[in-house]
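Order of writing sets the chain letters: A, B, C and D. Residues in each chain are counted from 1.
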Amino acid sequence: MANIRIEFFSNSLVRTVEIEMYIPNDLRTDIQIQHNPYYDRKCKTVFVLHGFTGFGRGWTNLYELAEKYNFALVFPSGENSFYLDSEATGGKYGTFIGSELIEYIRKTFGLCCAKEDTFISGLSMGGFGAIHTGLAYPDNFSKIVALSSALIIHGISVMKPGDDNGIANYYYYRKYFGDLEKLIDSDNNPETLVKKLIQQNKNIPKIYMACGTEDFLIKENRQFYDFLIKQKVDVEYIECGGGHDMAFWNEYFSKGFEWMA
Amino acid sequence: MANIRIEFFSNSLVRTVEIEMYIPNDLRTDIQIQHNPYYDRKCKTVFVLHGFTGFGRGWTNLYELAEKYNFALVFPSGENSFYLDSEATGGKYGTFIGSELIEYIRKTFGLCCAKEDTFISGLSMGGFGAIHTGLAYPDNFSKIVALSSALIIHGISVMKPGDDNGIANYYYYRKYFGDLEKLIDSDNNPETLVKKLIQQNKNIPKIYMACGTEDFLIKENRQFYDFLIKQKVDVEYIECGGGHDMAFWNEYFSKGFEWMA
Amino acid sequence: MANIRIEFFSNSLVRTVEIEMYIPNDLRTDIQIQHNPYYDRKCKTVFVLHGFTGFGRGWTNLYELAEKYNFALVFPSGENSFYLDSEATGGKYGTFIGSELIEYIRKTFGLCCAKEDTFISGLSMGGFGAIHTGLAYPDNFSKIVALSSALIIHGISVMKPGDDNGIANYYYYRKYFGDLEKLIDSDNNPETLVKKLIQQNKNIPKIYMACGTEDFLIKENRQFYDFLIKQKVDVEYIECGGGHDMAFWNEYFSKGFEWMA
Amino acid sequence: MANIRIEFFSNSLVRTVEIEMYIPNDLRTDIQIQHNPYYDRKCKTVFVLHGFTGFGRGWTNLYELAEKYNFALVFPSGENSFYLDSEATGGKYGTFIGSELIEYIRKTFGLCCAKEDTFISGLSMGGFGAIHTGLAYPDNFSKIVALSSALIIHGISVMKPGDDNGIANYYYYRKYFGDLEKLIDSDNNPETLVKKLIQQNKNIPKIYMACGTEDFLIKENRQFYDFLIKQKVDVEYIECGGGHDMAFWNEYFSKGFEWMA
């Protein structure tokens, strides 16, 4: 498994950033490897978005999945931005992931360019990011895997100056989500994006969601699933025992990757 | 020259960050090395702050200086923040550099803890950061080297929504500097910090400033120098032919490091 | 968990090398963490040696163990050397791990220096390396954890020019183990080291060995265990179903780390 | 300038290795950049081989050259091997650089594949490596830039067990160059490769050599130059004041890169 770290200048963020990638293209010839039909096609690309407080680094548990399904994995750093664009110069995280990075990766590496071969996934804040970025760039991604997603739009939309919800304060949310009073109707709300795509008769990427029943975000995940069902969006939703932790994510990345493959 | 990259969780930024360091503690025994008296004392520590659009990476030109003066260098990433604290959760870049990082480095590495052995330096946005952070944490740093410093407080304090000064827009400056109308009197203004330190009869770190006469920031540097002279602050100020570029910084890092040593 | 990569000049290998480390010293203050009594003592250090074809990189499964027991982990690169000294200039891998690296780490980081707080572990070629290096430097290490160890001395001692045992050829083994005809009695044989330590009345580090019954190295592990028992060395030996694979190593690193703690 | 580090499994070395690369493909849109005609063609690739005691890391001085000429730079680690193949399993450094790595880079990155667009360069041991690898793989490289090259074949061919030439001992040279008594006529001698290529009527890559007159390797460089002239090989040879140091290499990498471009 090739493990790659790239520092390059991002024009969306107006600074040099670093990302990590795994590419299963360094096959060993010293050991007998069973024929794997996934290697009869070209390598597909999966963006993997980390959660709040996280960082663009792979974890070795994903080696096996990347190798099994012949997926290149890309791990950008979201820097607690919820992967959204803000008005400030250098604050376009959504554009960075959904457009600039994908083009840079395609240009730099000999990887597939078709949206059919490009997926986006994430957990917690990264689950929100996978859903939001996938819906904002439906021509770039064909499948979304979102685990324990921080679908917090409705909750934070009522926050006022001075508020703090135990995770972050009002100023934090305003910094990344913009004017909270206008949030529900803005493009930062995945529901808004879904409605627009339906109105425009555009294809919506296929969505796989999973959330543990003990997760503090279970209510938010159920609500978004209900919304998608009402909108007749193609979604697979899994709910089962489990919390907001690595045990759950290891299990459901495994299932989500199988679903993508 | 040992070259070190550290990823660790920052409580000021509420996420994992990466910094680079150089430590000249891997002396070779296979070649004859001339006696260097700087190695008769313990290694001192110099924080080096990059400019706007930059990134926390050393550059190999500094190897020679670190080795010559027995300095450990620390290269944090400022992420276009001007190394300032903002109200939003996870936005405390000033606290990160001036307090958390310095404590973390001292705890993790066997380096000097005294402020006499700890310096801060930078170029452009990082020159501003060195001055501001040094003045905000005068018990942690004894010397400041600030090159081509982006001392832009007065210029941006009059910006309004919709403005863009060619480098960044109003929203960018408000994000990192706070309410621009209150900026002049705020602690984000190094002049305010100087006045407070004088009022409180506190020691002010020694300051070395340099700026090229063709630098677009020359006026700002002259003004701040004049301010310091009026306040009777101990400052060395160099002005000479040169622009806002690596040629100037290589030359004046060399001189600034000699001044620190 | 701080994740550190260091490049430094090794005088044993006469070139710059890179190692990785984990240090659990970046405690989060934003989340409630249960009191862990292992943090009432200083951090202990565990060297972790990879196997043949491997590389000095940590794997994220070890994060949890390092954090649980307050262990700093050090991952040197063995470069297929079996962690042994050879005659050639720059070929002293044993000296590198057992002496130079440990001193460099202690000098550079604020970690414990006592042998009681320093352990060595490894898998396959690294299991051999943990046993050999631990026995060669009994004043530096107090405990050894050796999984699926490549205790191949007897097997390769009879190889002749032109031979290849399916893993490597005669020239490979001669390059790292020296003259194979003299191997059994040489200090590259852990049995020789044990006998010498007993003769000299020196303390032998405590040893924990584990091997899967389906492992191709099971015979070699049983033989070495029998040898240790005959020599009355303090050894814990576990044998159970399992192969030469990550599933076994994850399970037994977990048990071995508990034994060390 | 994109800065890339790749860890991948090398089948020539039978283990995971790390290399660094620079690729000037992250053009900034926030600043006006003058038209550079080198960007009207595709990016070319230059392998850069470090010297004895070195390591596969770029140095920031080369940023400017890579950017100026639109060259991707590849920095493999030679691990004091003189970039030669040895008999031992996993000892094929020549095959690694000259064949495996070049194929891996071409496969992984969208870079030029033609030998006309692929160059090899190096300094000291890496100067030897550039010459030897370029001559051993003349279908992969069209130009060679060799600075202060360690063309030491004749000197070490007379070494005996117990000898040490101040840099390394007999066992070191035998380990990497093979049987020293047969060295002159072996394929590890660049002169042998030149003669064979002439005999086979094959194209020889163009060679640029430079050496300082105070360099301890000046005699060896003159001799090899004389040999090439006698063999009517297309070679540019520069000799001027200078030693075996970074000042010389910075100057002549600059000239050598211009020659390549």
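Here, contacts are C-beta pairs under 8 Å (C-beta built on N, C-alpha and C of every residue); 3 or more make two chains touch, one makes a residue touch a chain.
Computed from a predicted structure; not experimentally measured.
Colleague: Determine the set of chains touching chain B that also touch chain D.
Modeller: Shared contacts of chain B and chain D: A, C.
Colleague: Of all the other chains, whose mean CA position lies farthest from chain B?
Modeller: Most distant chain from chain B: C.
Colleague: Is it true that over half of the residue numbers where chain B touches chain C are used by both copies, so same, or is it different?
Modeller: Counting shared over all numbers used gives more than one half: same.
Colleague: Could you grab the centroid distance between chain C and chain D? Build each centroid from C-alpha atoms only and quote it in angstrom.
Modeller: The answer is 35 Å.
Colleague: Quick check: how many Å separate the C-alpha centres of chain A and chain C?
Modeller: Here the centre of chain C sits 39 Å away from the centre of chain A.
Colleague: Touching at least two other chains at once: which residues of chain B meet that condition?
Modeller: Correct list: 3, 7, 9, 14, 28, 30, 53, 57.
Colleague: Which positions of chain C touch chain D when the two form their complex?
Modeller: Residues in contact with chain D: 7, 9, 13-18, 52-55, 57, 79-80, 86-91, 164, 167-169, 171-172, 174-175.
Colleague: Taking the touch rule as given, give the residues of chain A at its contact with chain D in the complex, in rising order.
Modeller: On the chain A side, the touching residues are 1-11, 14, 23, 25-30, 104, 107-110.
Colleague: Considering only the defined contacts, which chain D positions touch chain B in the complex?
Modeller: Touching chain B: residues 3, 28, 30, 53, 57, 59-61 of chain D.
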